[in-house]
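What follows are several structures.
Next come two complexes built around subunit A: one with subunit B, the other with subunit C.
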Partner chain A sequence: MAFGPFLLLALMEGLVTAAVLALAASGLSLVFGVMRVVNVAHGEFYMLGAVLAWAVTGFIPGLPALAFVAALLIAPLLVAALAALADGLILKRLAYDPEATIVATIGLLYMIQQAALSLYGPNANPVRAPFEWRIQLPWFGYSGYKLFVVIAALAVLLALWLVMTRTKAGLVMRATQVDRTTARAFGINVDRVYMGTFALGAGLAALAGVLVVPIQQAHYLMGGDPLLLSFIVVIIGGLGSLRGTLIAALIIGLSDGVISMFFTPTLAKILATLLVAMVLVFRPQGLFGARA
Partner chain B sequence: MTNLLHPTRRGLLMAGGAGLLTAALPGYVAAQGAPIKIGFQLHRTGIGAAYGRWYERTAQAALKMINEGGGIAGRPVELLFEDDATDPKRGSEVVDKLTQSDGCDLVMGTLFSHVVMGSAPRAGELKVPYLVCSEGYHVASGALNRWTLQPGITDVRAQISTMAPWVAANLGKKVTMVFPDYAFGHDHRDFFTTAIQAQGGEVIAQIAVPPTETSFTRYFPQIPAETEVLYHVMVGPAVLTFVKELGEFYGTGAKPALFGFVDSLEAVDTATPGLEFLEGSHFWEAHPRVKPADAGEHEAAYRAAVGVDDNGASVSDAKDVSTYSHMFSTWETLYFIKQAMEAAGYTGPADRQKLVEAMEAISDLPYGIERPQGAMRFNGKTHQVFGSQNISQIQGGKLVKVHTTTIEEGLYEDAVDYTTMSF
Partner chain C sequence: MTGGGVKVWALHLALIAVLFTAQFWLSPYHTTNLSRIMVLAVFAMGYNLAFGYTGLLSLGHALLLAAGMYAAGLPAQLWGWSAGPAFIAGVAGGGLVAAALGLLALRTAGVSFMIVTLMFAQAGYLTLLYFAPVTGGDDGFAVAAASRRFLGFALSADTPRFLAALAIFAAGLFASLALVRSPFGRTLVAMRENEERSRMLGYNPFTVKLAALTISGLYAGAAGAAYALLFGYVGASFATIQYSILPMLYVLLGGAGTTFGPFLGALLMFALIEVASGLTSAYLFFVGAALVALVLFAPKGILGTIRERWVQWLP
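Entry: the complex of A and B
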């Protein structure tokens, strides 16, 4: 294949990776930014989104588009509800202590993963894309659905940004992020903010899972890779910074696409990990993070 | 009282005799009626789960048939399944548990070659027969030990040496290979590359994909434009994604002829939306998934016993497609165990060495309900079985058998003689 089309395909693939990653990582970043909780179970919320999408679409056979829209609405809501429950039952009781919550979310990771294995089973199951549309370029064909994923992820991120900057809920969340005690003094119910933030973060991961499942299939172990990559993105972008997360997702996604296509996927992972190490050494707060 | 302190010689003898009889009785009863315990190392979870599900069903069906026919040497047979999570480390622990804690007479059933490689050394240490259903060349290559045998399924090297002449004659000579980047895929890479050269063809590109990969489009641009045949063999939960993305990539444009190992489609419905581009392409199959018109006389009984319909899907759920080209190996391995145990006069774990020697003495394995895939020939020196292979073409969304090889086409020189190794 000639260099031009080769690069084009690499960039398109990278863009899809970046879009899914940006969604998943923004949830992780939000939870850390507002709550100072490192959520190790974040990848499992992503997996739950995919598995629930499979379950929901199973109820509406024959109409893939309608089934998918239903999954897109229902799965993230269910996962958000579960996350809110986990927050009330576990994290709140630990007083959001940073070390204790890491251990607790590791436990949560295993509980969700094993529950999925018991209830959903060990198989990978496909979910039909809402539409079967393929773009035929002169050099290669490309899935139209993958482009839809990029657009959908951008729309969701834009909505998230508007919520954070233009609504009262966003203002309350940002206030809590800046100073929990003062926020409480001003009558903000910090417990409710935390519960809402944790649910929103999990919902974003689940949404990424729903979007990705027609490309990848739902499998109970699929949460591992996105968790690792989300951490990489969040560390590079700066914990708690939405803009940093988006830019870091683009850097990681596009470089992963290009490097793994022109060289090997292993090299792409090596370089991403190296970048994390460099950022931690020279700019520990991340590219866009505020100094703690 | 004097009697007890000073027993008569007769009394002592009688009491001693009675004691000996009591002690020996359980052993005698056990030899007659206690079940033979066969440990089954199962990929119930992890990337091999689809295979594990069907390996379990097929083994259960064979077990039922063997027990209904009087068991092994008149003793009933039990299978103890233990999940290895398709993980090599867990695999060797499972061999340990089945042998030491559960007291199994032998262990069988492993498919994924990295698990075989991780578990076989432990079986050798425990001196327990370890019968794998894996296809890898690792048994016949001499890399393992005297306790590891593969009597139920042919190996990749034999499969490929029968496929290469057909590919070169019917599809093309410039081949690009896509394969998983570990032992099983490397067997494909090495043997097909040399086998196609022997036919005057060449492999112009080798694309290795990490086994945990979930997205494949990024690998496809490495396929050179002059490729005549794309040879693909993929495994694991992402196989459907692989074939779908291949279809998206080529789309309606020009594409090479596709030749795949059915591993790329095991447990996947060939009529799944998005797989239309596979129409007309060819696949290797060990045991044709869709019942061929000229199927043997035992095919129907075998399908009924394992609960599979004529399309290769579960009779209770048409969406639950079987791993038809691999699962017969567990059935045939169980019958192989029965044959060897009866020939060896096997009574218990003390006879394990005798059992392996009896297995090594087996050669011709004729077609029958014991071997529904076809006649086989076991090589006691290399511990590997040989059999016929099939090529199927996708016609109207279904795999239709178009070619069957002989056993002889798959034979190759022995690389090892395990019978000269010590136990």
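Entry: the complex of A and C
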């Protein structure tokens, strides 16, 4: 294959990574923005989405499209419910203290990961894509499902943006983000907003997990990479800024695709992590965020 | 806390004495475990100086442990250094990496500090994987028996290993006791309690915190080097996030800001995992549950609670 098509393939792969990453990272960003909670267990919600998708599709054999739609609805809802429970039982009692919540979500990470290992097992399992359809380009064929992932992620992000900017729920969330004391004074039930936000953030991660599972098999350790990459995206994009998250996801996803195709993935990750650490040290508001 | 000098030193000496006799009444299996616990407790004591006393919640201490481990293990492996020089190299390696980390990471605070240290540690771990031909990657390498000798004793044998671990642990314990009772130790606590006010009193928070983190790195380096030389294994798995979480867990369990806390936490957590892994293979679940329970119900840890309620003079 010539260099041009090779680069095109790398960019397309990068676009898929960016789409999944933007979904997962927007959840992390939302939770940090509204609640000021750094959720270290975010990657495990992503993993749970993928594992639950495998479980749900197992119940409906023979009809991959129907099974996948069911998984797309059920898995994020279950994960969101679990997150709401964790919020009520743990985070709320810690009064959302930033450092205590990090320790608690690390504990949550271990518990979820171990539960997945014990109940689901150490094997990676595939989930069938809802449709088998290939786009034939002049140089190579490309999976139609991967393009569907990009479109679906864009649609969800658009919906999220509309909810945040055009609905009452979004207004309430933004009000809580800006000033939770004043929001409470105006009769907003801040506890419920927090619970909803945490559930929504986890649901977005789970949705990303469901979308990715036909491309990448479900495995109990699959949450580590998205967690790290989501952190990177959210930090570079500016903590709590949805637009920055999207741009950063594009940058990280595309460059990850290109760098991992031409260099080793480990080197790509080293460079990305160092870049993030440096951004945090020298430009803590992120590359696109406004100074708080 | 500065009162009761004789009582405090006697209490610490008593702990070391009890630990010394442990080799006579513990089975060889448990003696080896105790050696391991003491080495990990040194790591946790270093973490405690940064987190418990100075208030620096780092998620990157695995980097410092691995720095000590490789700074001791690589010269031993490549150039056949013996245990003495290799250990010193390990301690220095931990301190140097900690100082470099501090110069960058201490420009941030709070949540950013946690994430920055986490990121640097992750970059360090990936770098170890990237240079797998030298570092052995996740598989690691075994330290040659020839390098595991100190003053003619083979550190791979049970008794010399236990005594070496005890000596390092005792040195670390007394150094940290002296440190926290010194004026500098009071400055560390002042940083934790109110950084702005200490700045107003004329202290430079950056230098004080950098010094604390560097000392913490010396401890982590000593623990890493001791692990490499006493247990003969060096590997990148010690640079993973788990090894940044463990000292935090030990310190939180035993009591942050207490001199005995790290050892007590390491001992209890080790025992808990030992018992739990006898019952089920899902021991990580207990680690997670312990973290959540601690932060929810006993944020001061065991000794922190005891000090608050009953024994105020406990250091």
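In this section, the second predicted complex is superposed on the first by the 290 of 292 C-alpha atoms of A that agree within 3 Å, B and C clash if a C-alpha of one lies under 4 Å from a C-alpha of the other, contacts with A are read in each partner's own complex, and residues count from 1 in each chain.
Note that in this section a residue touches a chain if its C-beta (ideal position, glycine included) is under 8 Å from a C-beta of that chain, and two chains touch if they have at least 3 such contacts.
From a predicted model like this one, the values you see are computed outputs, not experimental measurements.
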Fit-or-clash call for subunit B and subunit C when the two complexes are aligned on subunit A: fit
Touched partner set for A:92, first subunit B, second subunit C, both or neither: neither
Which superposed partner A:117 touches (first subunit B, second subunit C, both, neither): both
Which superposed partner A:235 touches (first subunit B, second subunit C, both, neither): second
Partner chain(s) touched by A:217 [first = subunit B, second = subunit C, both, neither]: first
Which superposed partner A:109 touches (first subunit B, second subunit C, both, neither): second
Which superposed partner A:267 touches (first subunit B, second subunit C, both, neither): second
Partner chain in contact with A:126 - subunit B first, subunit C second, else both or neither: first
Partner chain in contact with A:283 - subunit B first, subunit C second, else both or neither: neither
Partner chain in contact with A:184 - subunit B first, subunit C second, else both or neither: neither
Angle at subunit A between subunit B and subunit C, C-alpha centres, nearest 10 degrees: 60
Shortest span in Å between Cα atoms of subunit B and of subunit C, once chain A is used as the common reference: 5
Set intersection of subunit A contacts, subunit C complex versus subunit B complex: 117, 266
Residue ranges of subunit A touching subunit C (in the complex, touch as defined): 38, 90, 93-94, 98-100, 102-104, 106-115, 117-118, 228, 231, 235, 264, 266-267, 269-270, 273-274, 276-278, 280-282, 284
Subunit A-facing residues of subunit C, complex: 57, 59, 104-105, 107-108, 110-112, 114-116, 119-120, 122-123, 126-127, 129-130, 245, 248, 252, 280-285, 287-292, 294-296, 299
Touch list for subunit B against partner subunit A, complex: 44-46, 49-50, 52-53, 210, 213-215, 217-221, 225, 237-238, 240-241, 245, 248-253, 267, 272-274
Subunit B contact footprint on subunit A (complex, rising order): 1, 5-6, 9-10, 13, 17, 117, 121-124, 126, 128, 132, 134, 136, 140-143, 215-217, 219, 221-222, 225, 257, 260-261, 265-266
